[in-house]
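Going in written order, the chains are labelled A, B and C, and every chain counts its residues from 1.
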Amino acid sequence: MRRDASPFIRFWIEFAENRLALAALGVVILVVGAAILAPLFTPQDPYDIGKLVLGDARRPPGHVGSGGYVHLLGTDAQGRDLWSAILYGLRISIQIGITAGAVAFIVGGSLGTIAAFAGGRTEALIMRFIDLQLSFPAILLALVISAILGQGKWQLTIALVASQYAYFARTAHGAAVAERAKEYIEAALSTPLSSRVVVFRHILPNCMPPLIVVATVQIANAISLEATLSFLGLGLPVTHPSLGTLISNGFQYMLSGRYWISIYPGIALIVLILAVNLVGDQIRDQLNPRLQR
Amino acid sequence: MTAALEVRGLKTHFFTRSGAVKAVDGVDLTIERGRVLGLVGESGSGKSVTGLSILGLIDHPGRIVEGSVKLDGQELVGLDRDAARRVRGRRIAMIFQDPMMTLNPVLRVGTQMSMALRAHETVSNDTARERSVRALSRVGLPTPEQCLAAYPHQLSGGMRQRVAIAIALLHSPSVIVADEPTTALDVSIQGQILQEMQRLGAETGVALVWITHDLAVVSSLAHDIAVMYAGRIVEHGPTADVLAQPRHPYTRGLLDSVPGEAKPGEKLAQIPGSIPALIDLPPGCAFRARCSRASGACEAMPEIAEIGGRLARCFHPLEAA
Amino acid sequence: MSAPLLELDAVSRRFSRRISLGDRIAAKLGATVEMREVRAVESVSLSVMKGETLGLVGESGCGKSTLGRIAAGILAPSAGTARLDGKPVMSETGRREKLTTRVQTVFQDPFASLNPRKRIGEAIAEGPLAHGLIDRAGSRAYVAEQLSRVGLDPSYSSRFPHQFSGGQRQRIAIARALAMKPDLLICDEPVASLDVSIQAQVLNLFLDLRRALNLTAIFISHDLGVVRHLSDRVAIMYLGRIVEIGPASEIYAAPKHPYTQALLASVPRLNRHREGRTAFKPIAGELPSPLSPPPGCHFHPRCGFATERCRSEPPQLRPLGPERWAACHLAE
């Protein structure tokens, strides 16, 4: 291992030593790539209602539909090709999960760091509010907000950010309080450098390790939360199905033997969340100072 | 008469992913009862690992690869767990830089002392208490009863270290290994502890290995000094001889680096370069890269040999002044 | 050495425990709430002349680091002012911000005082860039100059702190402080965490730089030998007060305050030309807690000469000879 390599390179070399995490990262990249490039791999645009043929509805996997192509994973109740619907659904799920995670990261990370740096009343005010929110189940908060805002991608993202930023803020605050007490912060302040520079260029970058760990967990959580909300009918409309909507739609056919409508989107969801969590676990192990060699 | 502690050819290596770290690489020491040996070295010299190896406290990935440690003639290297546990704390004890290494923060001092007693003896509550009080007053704690009822955090750093010393002395061990026990303490408290240890050593006849980076501390405390560098002893002899006329260039450099001897404001005679990493240490004298007397001969490892009333490991030792 | 560069005018610093809401309610209900207040520094006046090095010595809890931080503009004094060339170091009201770049600090722990995520070149250039001492175009050359001045290879500027040893890191910290072109350097135990052989290298570097740059410095240390070696004048602190101040050579040769005498006597000496072991002469007693220092002279419970007056009346610093001051009722 080269000693003059940047911290990022050294991190990557160590990451690659864990085969399972590497495989999980591969799965994540594959799934995300397939979702982004969905139109290239799918025979059908599941959002184009005009193209849906009701005669093709609820067909089992392997059925050749009226479009002349094989429905690899069958079709749903609206006659959508499930393979196409899953990839497009993943696209929405990932998009919402990452957007919500990133916004929550920025908002929560900044709030927590600023609170830790400011101290006193500002800190007490921000952190007590966040504690209050954390004492509330995230799913409940997300439910209430999306019930108020209604269906749609942006409404859903806002609901997710509102219920998740607190985790980032709590983590950032904890890390920043520890960093704030270190001598390099004292050195920066005694130069003197402005508070803005000290907070965003010195404290925040050093709070990144725990924040990145929280981020991987929270992106997985955001995806499953989104699926939950959609499953409950509060997330995305049936015309733009995400994975949760697909599972929900297929649920009523489960007992009639048409398992594929729910099962395949469910498998896609599990694979994605499991892979993200495995990657997150490895990152956490690597960043945990107690496990560091 | 057998020596209280006899260490021969001790090698302790740590097997890491990047290679074997030879923290201790062939150390010989002999200490008689009632004597104090100052084991001096900078960070990475292997002095602390030597102390831990003597007690058999080396954990994975470290291992004693070679050598023998004899306590009153009994071999300690290779003892099984139970046998080692019967020896540790009873016949040989250790004092650490941070007394909280041995003190449990959630138990009262009295509880811990009677636990330490009962680890090796069967005693009644009253006897345990009485012996604890006696041990605490022996180390100069003015109010031993109050101290027994206290939790470690209620005591000052100096008092905690005294308690740790009292626990070490409970079973009247033959040998105590003290690893930088005064480094974290204030000057005035350090002076008190040193005074106490000097007295206790003479009273109890315990053999004391005093590990430190501070030459000044051992210069007044130790009968003998052993200077370590990169896992080996480079000079070993009576304190007065070693300090007055160091023969190894490293000992000399170390002594000259201490401010207080030099004229104020003048530059100190520094040793150039830095302490070598113990991983992949090149063969030969480890000090040669920093040494002004080094020659081609130093590419082989010099044996430790007697010169001027002490042992030195050098091909080009300094002459007597 | 003519005009004082730094003047501390009766500075005090108190640290109080944060009063929680629970305590406030308890106090309202009539309970006695313990108000814990540490007087880290109690009304200290001090001046440092241009070009001199003042050593600040004391045991833990004596307030030497707090006093250094007040001089450095890191901590605002609770009372009194610190002035550099007659101008206050920190703003007197509002958020108490540091107003000058002419005082810089070198900290104790070189493993904590460098931001682990900044390349050392960035760390050195950051302050001068923020204050317009240099521009981006000139920063590379400037950093190279700073590094070579402290004896490091300029090509190291793109490395991270973890790639350096303790001694090298302390050199980097010194380079970072000097890059701000300070008139006054506060050194807070800069060699305490270094090995003896490395400590000598850093002390020598400090001596060289002081001569080359005509630096004024406050050198804080618990190590009496180090302070003796570097300082022109020495101030001894005990529980927040200066008990003795004067030229280094005179204080070490003939200390006037009983605490200074006892402290000097309790330091283990490396006497290379002495036969065998010597007895230690430590100060008796524990350091009192700074939360409840003894009344009168703080040192009286440990002092062999204490009288009734020492137990009640705190002694003031008074002159005992040219440039020599001590805070003791009995010293002469």
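Side notes on the structure shown:
In this section, a residue touches a chain if its C-beta (ideal position, glycine included) is under 8 Å from a C-beta of that chain, and two chains touch if they have at least 3 such contacts.
Note that this is a predicted model, so its numbers are computed, not measured.
Once CA atoms are averaged chain by chain and compared with the all-protein CA average, the nearest chain turns out to be C. Ranking all chains by how far their C-alpha centres lie from the centre of chain B, first place goes to A.
Centre-to-centre spacing of chain B and chain C amounts to 32 Å, using the average Cα coordinate of each chain.
Our note on geometry: chain A versus chain B, Cα centroid distance of 54 Å, whole angstroms. Averaged Cα coordinates give chain A a centre that lies 50 Å from the centre of chain C. Chain A contributes residues 3-4, 6-7, 182-184, 186-194, 197, 202, 205-206 to its touches with chain C in the complex. Per the touch definition, chain B reaches chain C in the complex via residues 42-43, 156, 158-159, 186-192, 194-195, 198, 213-217, 219-223, 239-240, 243-244, 253-262, 264-265, 267-272, 274-275.
The touching residues of chain C, counted against chain A in their complex, run 72-74, 97-98, 101, 103-105, 107-109, 112-118, 126-127, 130-131, 158-160, 163, 173, 176, 180. Of all the residues in chain C, the ones that touch chain B in their complex are 59-60, 165, 167-168, 195-201, 203-204, 207-208, 222-226, 228-231, 248-249, 262-263, 266-284, 286-287.
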